[in-house]
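After this come two complexes, each holding subunit A, first together with subunit B and then together with subunit C.
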Partner chain A sequence: MDISEEIEKANRKAFDIMNRGKAVLTDFDFARKVIPGMKENIILHAGPPIDYADMIDPMKAAVQGALMFEGKAENLEEADKLARSGEIEFKPCHEVSSVGPMAGITTASMFVAVVENPEFGNRTFCNLHEGRGKILRFGATGKEVLDRLNWMNENLGPALKEVVKKKPVDLKSIAAEGVQMGDELHQRYRASSLLFLSSISENLLELPNAKEIFKFIADREQFFLNLAMPAMKALADPADGIKYSTIVTRMTRNGVSFGIQVSGMKGKWFTGKAEVPIGLYFTGFSQKDAAGDFGDSAIMETLGLGGLSSAAAPAVTRFVGGSPKDAIHATEQGYKITYGQSKDILLPAMDFQGAPLGIDILKVNETNILPSINTGIAHKKAGIGQIGGGISHPPLKAFNDALREYAEVYGL
Partner chain B sequence: MDISEEIEKANRKAFDIMNRGKAVLTDFDFARKVIPGMKENIILHAGPPIDYADMIDPMKAAVQGALMFEGKAENLEEADKLARSGEIEFKPCHEVSSVGPMAGITTASMFVAVVENPEFGNRTFCNLHEGRGKILRFGATGKEVLDRLNWMNENLGPALKEVVKKKPVDLKSIAAEGVQMGDELHQRYRASSLLFLSSISENLLELPNAKEIFKFIADREQFFLNLAMPAMKALADPADGIKYSTIVTRMTRNGVSFGIQVSGMKGKWFTGKAEVPIGLYFTGFSQKDAAGDFGDSAIMETLGLGGLSSAAAPAVTRFVGGSPKDAIHATEQGYKITYGQSKDILLPAMDFQGAPLGIDILKVNETNILPSINTGIAHKKAGIGQIGGGISHPPLKAFNDALREYAEVYGL
Partner chain C sequence: MRSVVESKKLKVFNIGTSWFVRPIEDQGLEVYNIDWSPPVKIDKDILSILKKLGRK
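On to the complex of A and B.
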């Protein structure tokens, strides 16, 4: 076989694995009990590796808030000192089968969702959804934020554990149905969050604290975000480490850099500068206030959702100033850089074609088309939170570097 | 003013009234307590006026089942005899501010929804949603059907009454949001039913029997049908009786004939033969098994939803064998025969244009384009129920007759 045949065979395999997988929500538990290697002194963060000192302010603040949540610091200053002391180990979520939106800060005592891919036996994890406004993942750390995290740990997590233990939830099916109902599953989760709540309601309503749990979820339109992300990661992970494959298995940002990983070069990060997203800002804010793009949520685009499925949700494109035509265009661009189409995620506006699945570094390098990523925009200062929504792109450099390395490894 | 100016002015007024109205769910109660003139010996049915003897079998059976539900007959034979005795008065739902899907049979003791249009002070009514399968509205009458109706009267209706008394529900907003989420609101109510349930859940969960009520609604994907219909009727009714107006205010079928009414000729039915819908049949059934088109649900198209908003729900068009392109075409045809566009019901796939609103008999006569109506298909024999879904059209004759009469009345 010549190398192009090897690549085709490997990419077909990676694509098939991503396409064939399932993602089932089976448990909720403390991070330290379920995430492999998780310890008291480890803090997980979004994006490729980064030192605490180099993090953007909202991510630093989220670290500080998490240390207070863990009872390791009394205040932000103490937490900052501890974070710089060398006693804490910082790790990308992605390196321990996890993901987290925005700052992605996950610590040992936090409840996380557990998602299984029964086709391949792997598991993935994600922290719980706080909602909008003042929340840790955007770098807010006040009493209200910590109280909510404690409530979630004591009430939401255990309740959801009981409910999904009784009846696991097929997250891929909910994602597929959400896409039939106007969600692209990165910005917009209106339908999928309702579908999730509806799917658990029968068992949820059996619990003594059903009312408050129900209300917490019902009040959060993006509740499904923190379930869709580990679902997509559960589909991606088994496609990692396939020799010769040029399919992207991870795309993620830490506010400073944007990193990708490629199946055929397992474990290697290729990075470039994280963009400041272009988008629509809430009243009083503008692009000069915005933090660099951050969060593991680009796992949605890695699996063909979000920006690549823009055609499913013209309302999202409209939110950032575009038209339904722009939404369709973003998906058409997606087809130019992906291996094939999802068999399960079908886009009504594209004549029910499957979502563009399996971003190929060869195609990105050939066309210079970068996947559109739909994202929330955070203020660059800690504690202010979300200031808009928009579109970002990975840096072309990451794809160029990946191709260069690939050529060296495989003698292209 | 010449007559064309009179017509334009009148149609603008009718259109504005339909467009400006609101539809708020404010109560549930026994039909006899809320529907004007409702009495023990009155049976309301779908469509234009029809004698019992002339009804199609599923509608006859629904009458018989309703008489048993009312305790006026022990069995179907007794009920049939009573229905033919002259003691029962049969009336179209539409003539007492009501609507009912399929057979539309509504009797004095049934719980109905009460919808108000606060802009114009009018109220409308509709019976409660039974679900699919063996149900009275398709002519099923067994113990299971009557038991369910009794349970609905004793549990569902009173619970919903309590809930909406605490917090009325803006049905037009739910319809508008449903259309953003893949519902066209005649065949497909997946999103709007979830949105409705979510909107009442906080107060619903306060009730002692919350769990069973919640489950009953959550299990019924078309639950919102019996709320959307009186909502649309609440918007239509104030536009009735505007001198010179050629806007259609009612479209409805009784299985034998299809009737329309026109604003400028209040109270007059123009009818033609009800079509057998063209569509997709469940396994084992074909068009020769199908009943003539029936139900008041064409009130949805009268207000620009259903077939006229096909572009919102390509999944529905696909269900009956068409493509997203066909769905957009059906909506484009709708624009050719309507006065204008809804300001609230916006269609993402049509670049967020409003739904085609205000069917004009002049435009229908000029173009010979008939509005597409999305409908369920019933077996022509009683008790078998739904056998498919498809598309029907009103008879051109009804529009021709209306124009002829209009010319006589107004000297066109």
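On to the complex of A and C.
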């Protein structure tokens, strides 16, 4: 077989694995109990590797808030000192089968969702959804933020654990149905969040604190975000490490750099500068206020959702700027850089074609088409939170560097 | 809205972005879309790798 045939065979395999996998929510537990290698002195963050000193302000602040949540610091100054001391080890979520939206900060005592892919036997993890406004993932650290995190740990997590232990939830099916109902599953999760709530309601309503749990989830239109992300990671991870494959298995950003990984070069990050998203800003804010793009949520586009499935969610175009035609165009562009189409996630506006699946670095390099990523926009200063929504793209450099390295690795 | 295309006998060839196809189709006309875009500028070394793979 020549190398082109090897690549085709490997990419077919990676694509089939991503397509065939399932994602089932089976548990909630403390990060230290379920995430492989998680320890008290480890802090997980979104994006490719980055030192604390180099993090953008909202991510630094989220680290400080998390250290206060863990009881390791009394205030932000103490937390900052501890974070710089060398006693804390910072790791990308992705490197321990995890994902986290925006700052992605996850510590040992936080409750996380556990998602299983029974087809391939792997598990993935994600922290719980706080909502919008002043929240840790955007770098807010006040009393209300820490109080909410404690309430989530003491009430929401244990309640959800009890509920999904009784009846695991098929997250891929909810994602597929959500897309039929107008979600593209990065910016808009309205339908899928309600579908999730509906799927757990029978067992949830038996709990003594059902009303407050129900209200917490129902009030958060993006609640499904923190479940869809580990679901997509559960589908992506088994496709990693296939010799010769040029399919992208990870796309993520930390506010400074955007990193990708490619199946045939397992574990290697290829990075470039993270863009400031272009989009619509809330009143009083503009692009000059925005932080560089951050969060592991580009795992949604890695599996063909979000920006690549924009055609599913015409309502989102009004939020991120553009028109429904732009949304269809983004999905058409997605088809040009992917191996094939999802067999389960179908897009009504594209005559029920499957979502574009399996981003191929060869196709990106030969077309210079970059996957479109629908994203929230955070203020560059910590604690202000979300200031808009928009679209960003990975840097072409990351795809160029990946292909150069591929040529080295495979002797081209 | 008055149709910008008066004759129903027109056949339209659209070259490039498919955005323009649907509005014409919506007016009941036959459209042939030719998927074309300007040549992409690719770094020499990237082009060389793609050529080795028979892709350019």
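Throughout what follows, the second predicted complex is superposed on the first by the 412 of 412 C-alpha atoms of A that agree within 3 Å, B and C clash if a C-alpha of one lies under 4 Å from a C-alpha of the other, contacts with A are read in each partner's own complex, and residues count from 1 in each chain.
The working rule: contacts are C-beta pairs under 8 Å (C-beta built on N, C-alpha and C of every residue); 3 or more make two chains touch, one makes a residue touch a chain.
Quick caveat, the model's predicted, so the values are computed rather than measured.
Participant: Is A:352 touching the first partner subunit B, the second partner subunit C, both, or neither of them?
Facilitator: In the superposition, A:352 contacts subunit B only.
Participant: Under the stated touch criterion, which partner chain does A:113 make contact with: subunit B (first), subunit C (second), both, or neither?
Facilitator: In the superposition, A:113 contacts neither subunit B nor subunit C.
Participant: Using the touch criterion from the header, give the chain among subunit B and subunit C with more contacted residues in subunit A.
Facilitator: Partner with more touched residues of subunit A: B.
Participant: Using the superposition on chain A described above, determine whether A:99 touches subunit B (first), subunit C (second), both, or neither.
Facilitator: neither
Participant: Name the contact category of A:195: first (subunit B only), second (subunit C only), both, or neither.
Facilitator: first
Participant: A:391 in the overlay: touching subunit B, subunit C, both, or neither? Say first, second, both or neither.
Facilitator: neither
Participant: Now for A:152: first (subunit B), second (subunit C), both, or neither, which partner does it touch?
Facilitator: A:152 contacts neither subunit B nor subunit C.
Participant: Please write out, lowest number first, the residues of subunit A touched by both subunit B and subunit C across the two complexes.
Facilitator: Residues common to the subunit A contacts of subunit C and of subunit B are 325, listed in rising order.
Participant: Tell me, which parts of subunit A touch subunit C in their complex?
Facilitator: 3-4, 7, 325, 329, 332, 362, 365-368, 400, 403-404, 406-407, 412
Participant: Show which residues of subunit B lie in contact with subunit A when the two form their complex.
Facilitator: On the subunit B side, the touching residues are 180-182, 190-191, 194-195, 197-198, 201-202, 205-206, 210-211, 214-215, 218, 314-315, 318, 323-325, 348-349, 351-352.
Participant: Mind pulling up the subunit C residues that touch subunit A in the complex?
Facilitator: Subunit C reaches subunit A through residues 17-19, 22, 40-43, 45-46, 49-50, 52-56.
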